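Below: one structure, written as structure tokens.
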Amino acid sequence: MAEILLEGLSKRFGTEEVLAPLDLTIAEGSFVVVVGPSGCGKTTLLRLIAGLEEVSSGRVLIDGRDVTHTAAAARGLAMVFQSHALYPHMNVRENIGFPLKMAGRPAPEIAARVQAVASQLGLGDCLARKPCQLSGGERQRVAIGRALVRAPAAFLLDEPLSSLDAELRARMRLELARLHRALRTTMLLVTHDQIEAMTLAEQIVVLNAGRVEQTGAPLALYHAPCNRFVAGFLGSPTMNFIEGPEAERQGAHALGIRPEHLRVTRAQGLWPGRVDVIEALGAESFLHLSSGQGRLVARLDGSADLRPGETVWLTPAPAHLHRFDAAGRALPQRPG
Amino acid sequence: MAEILLEGLSKRFGTEEVLAPLDLTIAEGSFVVVVGPSGCGKTTLLRLIAGLEEVSSGRVLIDGRDVTHTAAAARGLAMVFQSHALYPHMNVRENIGFPLKMAGRPAPEIAARVQAVASQLGLGDCLARKPCQLSGGERQRVAIGRALVRAPAAFLLDEPLSSLDAELRARMRLELARLHRALRTTMLLVTHDQIEAMTLAEQIVVLNAGRVEQTGAPLALYHAPCNRFVAGFLGSPTMNFIEGPEAERQGAHALGIRPEHLRVTRAQGLWPGRVDVIEALGAESFLHLSSGQGRLVARLDGSADLRPGETVWLTPAPAHLHRFDAAGRALPQRPG
Amino acid sequence: MSSLSPLLRKAALTLLGWSVGLTLAFPILWTALVSFRSEADALGAPAAVLAAPFTLESYAAITAGTRFTAPFVNSVLIAGGATALALLVALPAAWALALFPGPRTKALLMTILGTRMMPAVGVLVPVYLLFRDLGLLDSRAGLIVVVMLTNLPVAIWMLYGHLREIPGEIFEAARMDGAGPGAELRHVIAPLAAPGIAATALLCLILGWNEAFWTLNLSAAKAAPLSAFIAAQASPEGLFHARLCAAAMLASLPVLGLGWIGQRALVRGLTFGAVK
Amino acid sequence: SAPRAETTITVATVNNGDMIRMQHMIGDFQARHPDIRVDWVVLEENLLRQRVTTDIATHGGQFDVMTIGTYEVPIWGRQGWLLPLEFDAAYDVDDLLPPIRDGLTVEGQLYAAPFYGESAITLYRRDLLAAAGITLPDAPDWDAIRAAAAAITDRTAGIYGLCLRGKPGWGENVALLTAMANSYGARWFDMGWHPQFDTPAWAAALRDYLDMMRLYGPPGAANNGFNETLTLFEQGHCGIWIDATVAASFVTDPTQSSVAEHVGFALAPNRPGGTKRASWLWAWTLAIPAGSQKAEAARAFVAWATSKEYLALVAEQEGWAHAPPGTRRSLYAQPEYHALPFAEITLHAISEADPVHPTVDPVPYIGMQFVAIPEFQAIGTAVGQQFAAALAGTLSAEEALAASQQLTLRAMKKAGYIR
Amino acid sequence: MPPPPASRRTARLMLAPALGMLAGWMLVPLAMTLWFSLQRYTLITSGAQGFAGLENYRYFITDPAFAPSLGNTLALVLGVLALTLPGGLGIALVLAQPFWGRGVVRALVLAPFFIMPSVSALVWKTMLLHPMSGLLAHLARSLGLQPFDFLSQAPLATLIALLAWQWVPFVALILLTALQSLDPAQIEAARLDGAGPAARLRHLILPHLGRAIAVAVLIQTIFLLSTFAEILVTTNGGPGTASTTLTYLVYIQSLLQFDPGTGAAGGILAVLLANAVAIFLMRLIGRALER
């Protein structure tokens, strides 16, 4: 339940600047999700907040207190490591109970809370196992458990669900949301999962090469990305970008249209296209097409009764056309 | 380019049976994806095939040759470990080049192939870094690179894309598909990502608690799961299950209906429901509802202009209703 | 140490480290100092020893002729040869024990160490007879073998300990990459266990260099190493502190130097960032 | 370099000053015997003894010439382990001092050639005694020693009246205490090989020793052997020191001793009216093991190293004071040597020594400060530990003697001397 | 993870040379020693030789020095371990941190281990501890105190201190190397879990070092049980039997008395003692080895 304030925070490894000076406010009790391509500095950001990495410049404030030079242990944060960082010589029970033991809680309380967290995470059967005897997903859940068992000022979660299967992941996602609603503890979560980002976040921070590209509510970012990077990064399959005469005609350097905003019809439409590949996911299908505007992806509900090689017509929904200038900045929506 | 045959393969750790005796044929040149909940034995299965774990019973045949007792190194398979298992003392270049070095390839060839694989994986900038200086996603890509650089009899890939962001993951997914098309090397991939499973697999193997639940083409499994487990496991959000009078009325113990097959309307419909939560992902939204049939999830295109608390009507598409008996087995589709 | 500023903390550590180091090394530093004093000055009070003039006369006295060079060469050959041999034999053994543990591994490890339990003084006569009959008395080969054998259990134990620290999946990865046992040993185990191997080699070198019982008792003139040189310096008629110190320094400098280099290799610790 | 067939002999020797000097003189030997090469094995005394004993007893054959003491020679000679020595006339066997020569002869056969010999004397600081206004007679008794020690002890100035060996070992404190006990009329064994530590004579000797050391001795005496005491004396910490005659040449050497010009000498003390002095006889000798393949070369070396010519060579190169003492009459006949302050008294002490009749009462053994039986090394060492413990204060004199008696009895029974 | 049989065969092959050599080195002398221990066999008396039954053992055990030597041996081993383990751990922890001149300090700390034991003993005895000319005596006198005669008044304690000084670098070295294989992420996790330095030491570092500590204890014990040169040089086992250990007693028997028969009997007894100690230790720390 803490407000985290980053002021001009930056990090260099040697000469390489991994995080450019960035300012960020994580409001008390909010759920913030950090997304960005691999290697963009997400983990580094979390580690700086946690106090595991020395800052190169800038300050970290927790509840107004400058903790830039405070030891990690004294910041009162809980973290789930991307690499799990389980204690190899302790079994699951001891791993999860460790923070409580460190806090000097009485043994019966520890036992009870560990038991509760473990069953919440579906780890009831493995309590006596060592990390080397666990599956990847079980390990990750232990790492989560170690954080959940505490009552920290804030949670820092570095891709906490990446090793879980879809069902478990969905369950864990809801569990996290429920937890956040119940505790209203500040949460900072790194993920590369679109669904996680969109559903959990009150606020998404899009990081790219150590720079914050945009911050905002999930749907706001989805519908009004401030630049081409954000537009392309959120949403899967990614947004289609069209350059050339068609874009210029609309007064932009590039046009963006999401796959779900491309209407596909057998007859009639704006642009013709040839179906290359169909990815059928069951609930939906992705059509990979070649057209005069380049390679495009369209999204269809259910299974498409099309086959590769067929020619179809594509029509972008005008209300959902994004326009970008040469520098990649978004241009205002065109009236009409 | 090998056929892998498992005959009565089983594995126990101590007294715990992690894999029940299973038979499986992985056809030459096919792309098989293994899915299943966390801890169901996916990694164990791969390790048994690789020769890293001793079988408790049964045989492993590669191209008809019994390799059950052949050393891992002699089986000619390439593997991506779930935990990456990079060589910490080698830099990225050496890590990727190691299998070639072991195969005694000349240095210039190694250099060229490593370069090619690295740029294919977007690792061109990190070639000189040690694993401890890489981000999680970069590490995973190195692990993939180490497998791709070889020309093995088959690839065993244990959640190779789990640490990658959506965009990169999509790219890597296409890359794997392209590679498989080009080489037609047998590939066995473990994943917990629905999209990966659906788009990459020629055949999906659903594993549950060490047992094969069903094997088949992705859409076949999606549309005709043989039991409730498979039905619930594939597809996200998961299938809605309805028990009670409604199911019995249809001659089943339980009914199953996928979220996309529940039509949501303001007025009129089969079952009334109250909106609890709306998860808006941009391209689609998930509605969590309470109804007389229990808690249900429905899927809508785009953003829904509904708000929590509102009451809506739900209508299942009859053609997509699944019926299960008390043991969870699927019952044949009802005519009409 | 938590809230100390990094700089202050480092300063405190520096102070602590140096005082520990200087305290432990004090007898040796003092020995070194005395070795550069004349015999008469060396016997004075500490302040006088400190103030006395520098001289190399003790070194000159004890290195006269070939009395130092021959044993020095022997020591290098014996300690070096024994270490190399011991590592050659111990590394595969430790690898097998560490990576393929079986139900008997622990018993085997104990047995290996058990071979060191016989007090050397108790077996000298039998071994002497054995060496006499094999014609190995006063031969470097014989001494290399003996020193190697006395160090082998320790080498296996140390290497075993270090190898067990390496996560097993890395070896599995190497196997999947087509590395046979030899290549695995060379390309993965050796570099990964490098600090451990360096520590073990250093230990074997030191133990071999300082081994004084067997080398003294099984050698005469031809193969006698520095332990014999030292035994020739200890307590002649009268106490020659300076000369004793000079001899001690000469005999120890090579290993001290090795230690200096060795510890640098040891620092190069490895972080296992690759394994989740 | 020379393509001539070369014989290499291995000489094992102790690292005492005189032997080190011998190594520097080897050029002379090489000049006389160009076909013989000498390899040295130089070790400190205890180690050397252990090495050569192991080697000779197992016929290891690693050494061609061994440096051994008067303790080993008769025992080994009797076992047939040593080659009997015959020298040509030029060597002049008769020139060897009779007590020394007798100690190396078994049944009329000489088994080792003496390199240097020693007995015991009293060394004292003339300046300190003079300051205290007393003098020490040339043949003092223990009462005189005690009185003088009491008079000059000044602990605050770091002056200790009496320094005696205290370090355990048959060649260290046991040597001194045996000699001292002899002067008290004690002996190790009676004629039936029964240990005699339970006699009043031993009790008196040990009690006096402990008494004097406690009152006038330096701190840490229980760890002082010959070397340590020598250093103490040379640094001026000791008033009186009763020890080997060789010490005389060291303490009078100004390059090494800060009290060189103040040292006086007297015979080893006896009891008032006693017949035996607390003296001893020892020689470091060169012998050839019976199995040596190179006996001829070895004999040539031994002859050279113990010859008159060698004495002359050392005298010529380093001065007479450094000639190995105590072996040849002719050395003492040299006027230059005789003029040295310690020459006369050393000769006297050695000549007076009688290892065959070391004690007042008859004994079945030979040896003054040791008992020339094989078992003595171990027994002596163990007994020495008891004496050292008594000196350190962990045992009383009575306890130390009782323990010594018991362990000696045990060992003699095991060895079959007594039932 | 139990390995496939193919690798197990290789493993056996890899073990063979070491085991063969050690078996030879252990079994041949051991057999000879056993044989000697049953013989009446002395080197320098040509007295009756031949089969002696258990006579040598009886003689060795009834030696008045035997009982004290057992006590001294154990006290020596335990005393040194009690000093070197905490000391070595502390040093390793300090040396694992970065500070100015760490390389030099590392070399300084390791130095005592590099000196030949007999030389160390000589240096300590003559230059540090000697009650007349030793540094400590000078120090005591300059403080107006009476110098303490360490080797006579506290021989065993002094020996323990000397041995601890020699062995503490070894422990530090082993623990330092082991420390470097500790995954830093674990330490970070523990820091976030609220573990202070002491808790991290107890719950993370010590368990991680478990095996290294076990190795250090066992190796040290084996070496300490056969400590010899240091005793020979400093105290000769005395005064009395105050610092006589079992090994030293064996030395007295076999190389002073030149009675290899009795010495062999003592040697066998020493092996038995060493095994007893080792088994006891294994019980104590064995689990750390398995993990």
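Quick notes on this structure:
A, B, C, D and E label the chains in the order they appear, each numbered from 1.
Keep this in mind: a residue touches a chain if its C-beta (ideal position, glycine included) is under 8 Å from a C-beta of that chain, and two chains touch if they have at least 3 such contacts.
A quick note: this is a predicted structure, and the numbers were derived from the prediction, not measured.
Among the remaining chains, D is positioned farthest from subunit B, on the basis of C-alpha centroids. Of all chains, the one whose mean C-alpha position sits at the greatest distance from that of subunit A is D. The interface with the greater count of contacting C-beta pairs, when C-E is set against A-E, is C-E.
Centre-to-centre separation of subunit A and subunit D, using mean CA positions: 91 Å.
In this assembly, the C-alpha centroid of subunit D lies 36 Å from the C-alpha centroid of subunit E. Measuring from the averaged C-alpha position of subunit A to that of subunit C gives a distance of 54 Å.
Residues of subunit E in contact with two or more other chains: 1, 3, 7, 10, 43, 133, 183, 185, 196, 255, 291. Of all residues in subunit D, those touching 2 or more other chains are 50, 54, 58, 228, 231, 235, listed in ascending order.
Within subunit A, contacts with two or more other chains are made by residues 71, 73, 83, 136.
For subunit C in complex with subunit D, the residues that touch the partner chain are 39-40, 43, 67, 124-125, 128-129, 132, 137-138, 216-217, 220-222, 224, 228, 231-239. In the complex of the two chains, the subunit E residues touching subunit C come out as 1, 3, 7-8, 10-12, 14-15, 17-19, 21-22, 25-26, 28-30, 32-33, 36, 43, 90-91, 94-95, 97-120, 122-124, 126-128, 133, 135, 138-139, 165, 168-170, 173-174, 176-181, 183-185, 196-197, 211-212, 214-215, 218-219, 222-223, 225-226, 228-229, 233, 246-247, 250-251, 254-255, 260, 263-264, 266-268, 270-271, 274-275, 278, 282, 286, 289-291.
Against subunit B, the residues of subunit A that register as touching in their complex are 13, 35-39, 42-43, 82-83, 126, 133-138, 141, 159, 162-170, 192-195, 198-199, 218-219, 222-223, 232-238, 258-260, 279-284, 286, 299, 301-303.
Of all the residues in subunit C, the ones that touch subunit B in their complex are 167, 169-170, 172-180, 183, 187-188, 191-192, 194, 270-276. If you check the complex, the residues on subunit E that touch subunit A are 183, 185-186, 188-196, 199, 203-204, 207-208, 210, 291.
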